[in-house]
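Structures given as structure tokens follow.
Here come two complexes built around chain A, the first alongside chain B, the second alongside chain C.
Let's turn to the complex of A and B:
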């Protein structure tokens, strides 16, 4: 009984929020068209629409704090246990704590060594580590191409690998491979472009359907436990 | 020159608002029309068909299942992707018989992720609080190499039995799929980004392409409401194809220039 009440409340809240935001958007885009229909409520809708956006911004900020706490707590707990990977967790926890501490000390002007430790750590450690990981991506992608043939040794798999080889080959600065350049250009301009647009159109249509489901309360997060 | 129809101008200027409203009405009608239609009447989706087997295998080996939404989050244009991703992850978590680990690189996904896990736990009949470390946030948003590095380590240290990665991923997915392949862990992946989708197609055990990631519920939990979404999507797709062909035909007849 209590759960049904809260579910109803959540649905009502979500639908009201969605409709108020939608009305706010319509008022912004078509102020004259809707002036008659929504005139009595216009100031209230505009005010509520702006307030909802502010609440959303605050929620995003709070979620970052929750994220940092989640990160620290999970890895502190893991580093206390003697299990595989606990060393990584300890390093992560210590690094995060040190960076947070240094940032606080720098902001409060309590650390006056002349070195911007926070920037140093970001540029010398974080950027370097991420760059090396990005370098490893190449091997991951090559391995992926090999894996296509291992998983799908059929016409489509062969076409995929052949296309990858052709595009990579045409990019090489070798005069012997210059013949491949027009074929690569055609590939990128016609089939690749068409395929990419097809995928993006499919995603766009699916996004519209998901949005509409939220709007009419059909989304699972708005339904009661009986649907689970 | 005749003045443009005000109704058409209104539709053109507000397509992003009017279209979802029309689709919402269509969805309501489709739900009634679908009724008790069988799940078998939907088109075959090998990845969603393979998922229950993967989850069962992981449970049989006593290994956890790794679920991830990547950089999808509840802000900007990614919000609906995050909801769709949460739905797919919920369906997987609900069917998994063993422990589940959910990772994300967007902080706004944390509350939604907890909700997904809590509901899935309740649907599986488990009472009580969730185990610590079930949800993990690895910063920092889209194309997060930090997430890719941490997820690769997690897949090894937690002895993961299966991976379902649906959401926002870029080429960093290659690192994770490489780690999964090295350890012989099955992987299903799909992304709304083209580069991530290409990597997912190449490295996943079963391909999931484009909009297929949005309708996990229709295959894994086929209720009329869930199936109506797929029916509506199919109707929209055919309408779009018809519109494109009509425009191409008109362009051909008018000597090559596409009509405005």
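Let's turn to the complex of A and C:
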């Protein structure tokens, strides 16, 4: 009884907040579209919408902080037990603690080395590993393209690999391959542009469908498994 | 004694080698680098959110001089939502209340997603695609045609044939095949661009390793020429 009451309340709350926020956002972007219909409530809708957006963004930030704390606690607990991967967990926990600790010490002017440790760590650790991992991706991508031809040597697979080769070939500064550049440019301007627009429009339409399901109370993400 | 910059360069050099050691197979060094990266990234994210979002919010609301009850309530709401979401993972007792917090986030999130899909993607892309049509320019007609074909490929409505199987109408099927071709070319071009990007990053990292090896590692003394 109590559970279904909370479920109903949750659906109602989601519906109300979604409608108020959406109305506020639409009033902001398309004032002429809704101004006539919502004129008497316009100031209240704008104010509530702005407040809800503020609360939403801060709540997301709080959730991320809670998530990071949870990650660190899980790894601290794991590093305390003698189990597989406990060393890695300790490394993760220490790395995060060092970054947070150095930032705190820097802010409190307790570090007198004159070195911006936070920037140094960002440039020499974060950026280094990020770009190295992205560089390593090269091998995975090339292997993936080879697998497409090895496992799916059909028309679509061939078209895919041919496009990849065309894009790669046109990037080479060889006079023998100069003919490929205009073809690549046309490919990017017409079919690739059309495909990217089609995919983006498809995603937008799907988002609208899912959003409409929430707005009409049909979405079940608010109900736990026991309600079903 | 080595300077801080030198330590940073050593760290960067070693981390790059540790990541690239994955080319020999999954190993301890690679995993260590990845866990260091995850820890540093978690630390930085926590600092950025704490400094950039939460502290200003708390100072403007909860710790504001002469804060009104409305301000205090507004300031505490996101923190309460965060706690309720956290409680959801610990116990099922406060399930109903945490569901209300989730409902608020889902409601506002839906509105933001709908606004982004309508005003950020759908309307600008449709207008841009439609307005680009110029008589006498085949490319300007091919572009919207490609977009339509891509969208048709993603619709799966069929007519039931007398044998009981679902079948697309012939003209829809033709458009869907063309759409599939456009999508394959698009994905191929994106794949090729990703290979080029990772190749650039890989060569940059490789160049860095060679350069740093020459600077950091002691070079052997030149061997005197016989009889010199």
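Following the convention adopted for this analysis, the second predicted complex is superposed on the first by the 195 of 228 C-alpha atoms of A that agree within 3 Å, B and C clash if a C-alpha of one lies under 4 Å from a C-alpha of the other, contacts with A are read in each partner's own complex, and residues count from 1 in each chain.
The rule we apply is simple: a contact is a pair of C-beta atoms (placed from the backbone, for glycine too) under 8 Å apart; a residue touches a chain by one contact, two chains touch by 3 or more.
Nothing here was measured: the structure is a model prediction, and the numbers come from that model.
Of the two partner chains placed by superposition, only chain B is touched by A:74; chain C is not. Shared-chain residue A:147: touches chain B; no touch with chain C. In the overlay built on the shared chain, the residue A:211 is in contact with chain B and with chain C. In the superposed pair of complexes, A:83 makes contact with chain B only, with no contact to chain C. In the overlay built on the shared chain, the residue A:160 is in contact with chain B and with chain C.
Ranking chain B and chain C by residues of chain A touched puts C first. By the touch criterion defined above, A:200 lies against chain B and chain C together after alignment on the C-alpha atoms of chain A. Touch criterion met: A:137 reaches chain B and chain C at once.
Of the two partner chains, chain B and chain C are each touched by A:63. Once the two complexes are overlaid on chain A, the chain A residues touched by chain B in the first and by chain C in the second are 22, 25-26, 29-30, 56, 59-60, 63-64, 66, 70-71, 88, 129-130, 133-134, 136-137, 139, 141, 144-145, 160, 196, 198-203, 205, 207-208, 210-211, 214-215, 219, 221. Chain B contributes residues 10, 13-14, 17, 19-21, 23-24, 26-28, 31, 74-75, 80-81, 83-84, 86-87, 90, 94, 107-108, 110-112, 115, 119, 122-123, 132-133, 135-139, 145-146, 148-149, 153-154, 156-158, 171-172, 174-175, 177-178, 181, 192, 194, 197, 199, 201-203, 205, 209-211, 214-215, 217, 223, 225, 228-229, 232-233, 236-237, 240 to its touches with chain A in the complex.
Of all residues in chain C, only 4-5, 8-9, 11-12, 15-16, 19-20, 22-23, 31-47, 49-50, 53-54, 57, 74, 77-79, 81-82, 85-86, 89, 95-97, 99-119, 121-122, 125-126, 129, 139, 142-151, 153-154, 179-199, 201-206 touch chain A in the complex they form.
Chain A contributes residues 22, 25-26, 29-30, 33, 56, 59-60, 63-64, 66-67, 70-71, 73-74, 77-78, 83-85, 88, 129-130, 133-134, 136-137, 139-141, 143-145, 147-148, 151, 160, 196, 198-203, 205-216, 218-221, 225, 227-228 to its touches with chain B in the complex. The touching residues of chain A, when paired with chain C in their complex, are 2-3, 5-7, 9-11, 13-22, 25-26, 29-30, 51-66, 68-72, 88-89, 91-100, 103, 113, 115, 118, 120-126, 128-139, 141-142, 144-145, 156, 159-168, 171, 186-205, 207-208, 210-211, 214-215, 219, 221-222, 224.
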